[in-house]
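I have a structure here, written as structure tokens, and I will follow up with some questions on it.
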Amino acid sequence: MLTRRAFVKSGLSVLVLPNLLAACSKKEETGVVNFFNWSQYIGKRTLETFKQSSGIRVQYSLYGDEDEMFSKLRTGIQGYDLIVATDYMLPKLKALNLIDPMPHDRLQNMGNLDPTFQSPDFDPNLDHTVPYLWGTTGIAYNRRYIKKTPDSWWNLWDKSLSGKISMLDNRRDGLSCALLMLNLPIDSSDPRHLNRAKELLLEQKPVLKHYTSTTDENALVSQDVWLAMGWNGDVVRAAADNANLDFTVPKEGSFIWTDFLCLVHGSKRRTEALLLIDHILKADVAAEIVNSIIFATPNLKARPLIAPSIAGDDRIFPDALTMKRLRFYALLSGEAEALWNRVWQEVKIG
Amino acid sequence: MSMLKKIDPALSWLIGGRRQTASQLLLLPASAWLACFMLAPIALLFVVSFAQRGDYGAISWTFTLKNYARSIDPRYFPVLMRSALYASTTTAVCLALGYPLAYFISFYVDKHKNLLLLLLMLPLWTSCTVEIYAWIIILGREGLINSLLTQIGLIDEPLRLLNRPFAVLIGLIHTYFPFMVLPLYSSLEKLPKAYIEASKDLGGGPWATLWRVTFPLTLPGVFAGCMLTFIPCMGDFLMAEFLGGPSTYLVGNLIQNQFLTAQDWPFGSSLSVLLIAVMMAGLYLQQTLEKKHASW
Amino acid sequence: MTGSYLLELKNIHKSFDSHRVLNDVSLQIREGEFLTLLGPSGCGKTTTLRIIGGFEQPDSGEVYLNGARVTHLPPYRRNVHTVFQHYALFPHYNVFENVAFSMRLKTLPPQTIEKEVKDALSLVALSGFEKRKVSQLSGGQQQRIALARSLVGKPSLLLLDEPLGALDLKLRESMQLELKKIQQKLKMTFVYVTHDQQEALTMSDRIVVFNHGRIEQCGPAREIYEKPASSFVADFLGNANILAATLLEILPGSRAEILLEGEIKLKVPCAEALPVAAGQRLCVAIRPEKIQLHSGPSQDASKVSLPCVLNDVVYLGSSARVLLSPFSGCAKTIQATVVKYGRSGADSAGGLNGTAPGGTIWAQLDGDDILLLPPESDS
């Protein structure tokens, strides 16, 4: 795989095809649900077990990053019933009326969830969502070349490692990290703050090999990159291909992100979508997903069923001490979001 | 209008309301196709370029010229210059490599001409993703070049080849090379060999003949090749995205990001409209030159 | 030996894709000569010219120019210029630059170039055309510019590849004379390729007749016409009637007796060395203009009359061509030229006397007008 993003963008993704064909045909299929998800973000057997228990076939489509998912929803490519969206996308999706409220009374397994995930800032009371998986942003590194555990974001600015560092290509991770390093409020919409963050990120550019839209797994495995901002599960999974890879949360602190299941506005297969959500909420199904893709689940009942090597991995399920250094991303107003976009753009063109 | 005629004679018929003939009717499906899938999107782009970005990327339909003002903001100037630099370097390298190759195929290859042309066109038939992936394999730290150089002991540390301007240029040259060579080849093929013989006859050695006769007479092919290379290069974003590094951000990436990431469609549209306008001007220039050439 | 000629071709062989184009061609050209290579298309005359110019290399054989071997020298290393069939004027240069081309390559001083171009243009009567574009010139003007461009470098040899082929008849005839005048004025050596026998006869000092990649005959124009060495040459130059005959006896005084068409005995002049011995078959040629037509058999004993059926009369303006089939059963049609055709009262001298196609007429031959030729080979 090149990157997930390239894969989807190139239009090679055959998985998308049946979905589009389905979208073209007029005949409504009752036994089908269209699910639009991150690539590599579901259990190996999840969809199969759903079909066995409900008789509903899942037409599964993938996206490489949320911007792409958002653009597809926005441009009105019809046919998706259920999507996975990251927390900070929710205000946008709600504002543009792309997702519908979530009828919790029709989900029997909601009670399986950890109550701490019941009221994130982005969607109080989970009106529109059901939490799916969560993870942390931190530093991925190669122990063979980086002898001392990188304990600070400043390590990503290390000139002696020029060309061996990569950075996530999105305003949320990039600017939040810079604000954190400058001890500035991470939800700032003050242009002066953001300008300082921009200066800091511009300072980093010469040492970077490149920006990547998702964790730089390929370059980390091939050792083209030794140090990268990334997401925990991706790194732990990549370590299967290169045992030198490890993941850490810097001392300045970092972020927890949560991905949510949302109902697409205007979907005609609401019942099937809700059945699939309920299926995913089952403890054994949730555990199977975690065991497949190694990201943390908000499903409390699933915890005992998770493989001990994963359940005991504090990179995936951080200990209480680490949890103190972690926080949720800031909820931005529309205006602030536009400003953040613009500042990030200036970082990129610089 | 003259530009449109060039794009599609049937289209000018549609607009100009000429007398309808059977042959023009035959062009109707193609014209409809062009109108729906080329002109309509460009028109839409043009309209959106005067709108405003609302909260979270919604389009608010209030007329503004702000997007154009922002497009020509000096802070985006370096990106434009960078793109122009990459595009012109690619064009120059393609021309420098392509002319001798086209010359060789046209004058020295006898039996395997078609095979060579076929090979030349391979990049056109290969998916961009495959090409990019191939270059990543070749240029990577543990890639083909580095392994080879390390093994024969030329270098101790792997060279950093990927995610640099060099890699972007390689990708661009690889992708757009056929666009340069094919028009060059066709203009060399069309060149009456008698001109070359006349030059040699009058004492022109190989170089004098090339500079004084062959090259000037194939200038239409050179212009066409340069345009066909330069224009798509200016809009390319894939190479910079996957083979480039933080310093290879191009106009194509800027536009792509407006649509995909920043969700600022009006700004992306205005950038696109300006880019299209510049390209049209270039094409117009090329055609004027070609006409001048044809009047010899 | 080699030194005494400007150009010498020795035993040239050339094939394209196993198709033999030139077969053992040897040729000498003297300084100041106007030599024409004549033959039907595909006979090898243009290939010979291209080998002289350096555009083709012979498979075997040598080319000497001024005594030096130039067989494998490229065109730009030979002081030989060519006027191409379609002129090949450079479309991206104006008239001045086209003419100046060879001098620009030698980086001569601008004053010299200007003067030379001026002289060359006045030579071809196109003074003042310097700034014209090539595309603005007529065919005849282009032809003259091509000539000027080739003359300006003072080549030791000028090759002309059917240069008048694209012009209309009247222009062609005036250009023929002009070319000859220019050649004589500059005392240059011209090698001229054409398939037009009239053109060859008008201009040439010597003519080389090609057929199937071989030289059939080489000699002064008059000699070629009057003493063709083969039936091919006799036919190609002047459309002679070729008839089969048998040599009966060689007579004293350079004469011979032959049996024409199996029944007519005839005394004809002959060369000292005959190609065949008595009793063997040979060919004879009779020019159409040497045949006289009468309404009855001739009374003159020195002449022979053949009764013929008048097949057709082809009107040619100044003359007419009459097609005849001899009664003798000869399969061949005989052609005769009638000069005064159509003029009332004049027909009786050599005309048809009102004989219509299908009627009988007598073709009268004078033995002195009959040329003896070797028998036709099958090639």
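Residue numbering begins at 1 within each chain, and the chains themselves are lettered A, B and C in the order written.
FYI, a residue touches a chain if its C-beta (ideal position, glycine included) is under 8 Å from a C-beta of that chain, and two chains touch if they have at least 3 such contacts.
As the structure is a prediction and not an experimental result, all values here were calculated from the model.
Engineer: A-B versus B-C: which interface comes out with more C-beta contact pairs?
Structural biologist: Spelling it out, more C-beta pairs touch across A-B than across the other pair.
Engineer: Which one of the chains is closest to the middle, using the mean of its C-alpha atoms?
Structural biologist: The most central chain, going by mean C-alpha position, is B.
Engineer: Which chain lies the greatest distance away from chain B when centres are computed from Cα atoms alone?
Structural biologist: Of all chains, C has its centre farthest from that of chain B.
Engineer: Distance-wise, how many Å sit between the C-alpha centres of chain A and chain C, to the nearest whole number?
Structural biologist: 90
Engineer: Between chain A and chain B, tell me the centre distance in angstrom, where each centre is the average of that chain's C-alpha atoms.
Structural biologist: Distance between chain centres: 36 Å.
Engineer: With centres defined as the mean C-alpha position, give me the chain B-chain C separation in Å.
Structural biologist: A distance of 57 Å separates the two centres.
Engineer: If you look only at chain B, which of its residues touch chain A in the complex?
Structural biologist: Where chain B meets chain A, its residues are 53-58, 75-76, 78-79, 127-129, 132-133, 136, 140-142, 160, 162-163, 241-242, 244-247, 249, 253-254, 257, 259-264.
Engineer: Under the touch definition given earlier, write down the residues of chain C that touch chain B in their complex.
Structural biologist: Touch list, chain C to chain B: 53-55, 74-76, 80-82, 84, 86, 88-92, 101-102, 104-106, 133-135, 149-150, 153.
Engineer: Note which residues of chain B are touching chain C in the complex, please.
Structural biologist: Listed in rising order, the residues of chain B that touch chain C are 192, 194-195, 197-205, 208-209, 212-213, 216-217, 293, 295-296.
Engineer: What does chain A use to touch chain B in their complex?
Structural biologist: Answer in residue numbers: 2-3, 6-7, 10, 12, 67-68, 70-71, 74, 91-92, 95-96, 163, 167, 170-171, 205-206, 208-211, 218, 222-224, 333-335, 337-338, 341-342, 344-346, 348-349.
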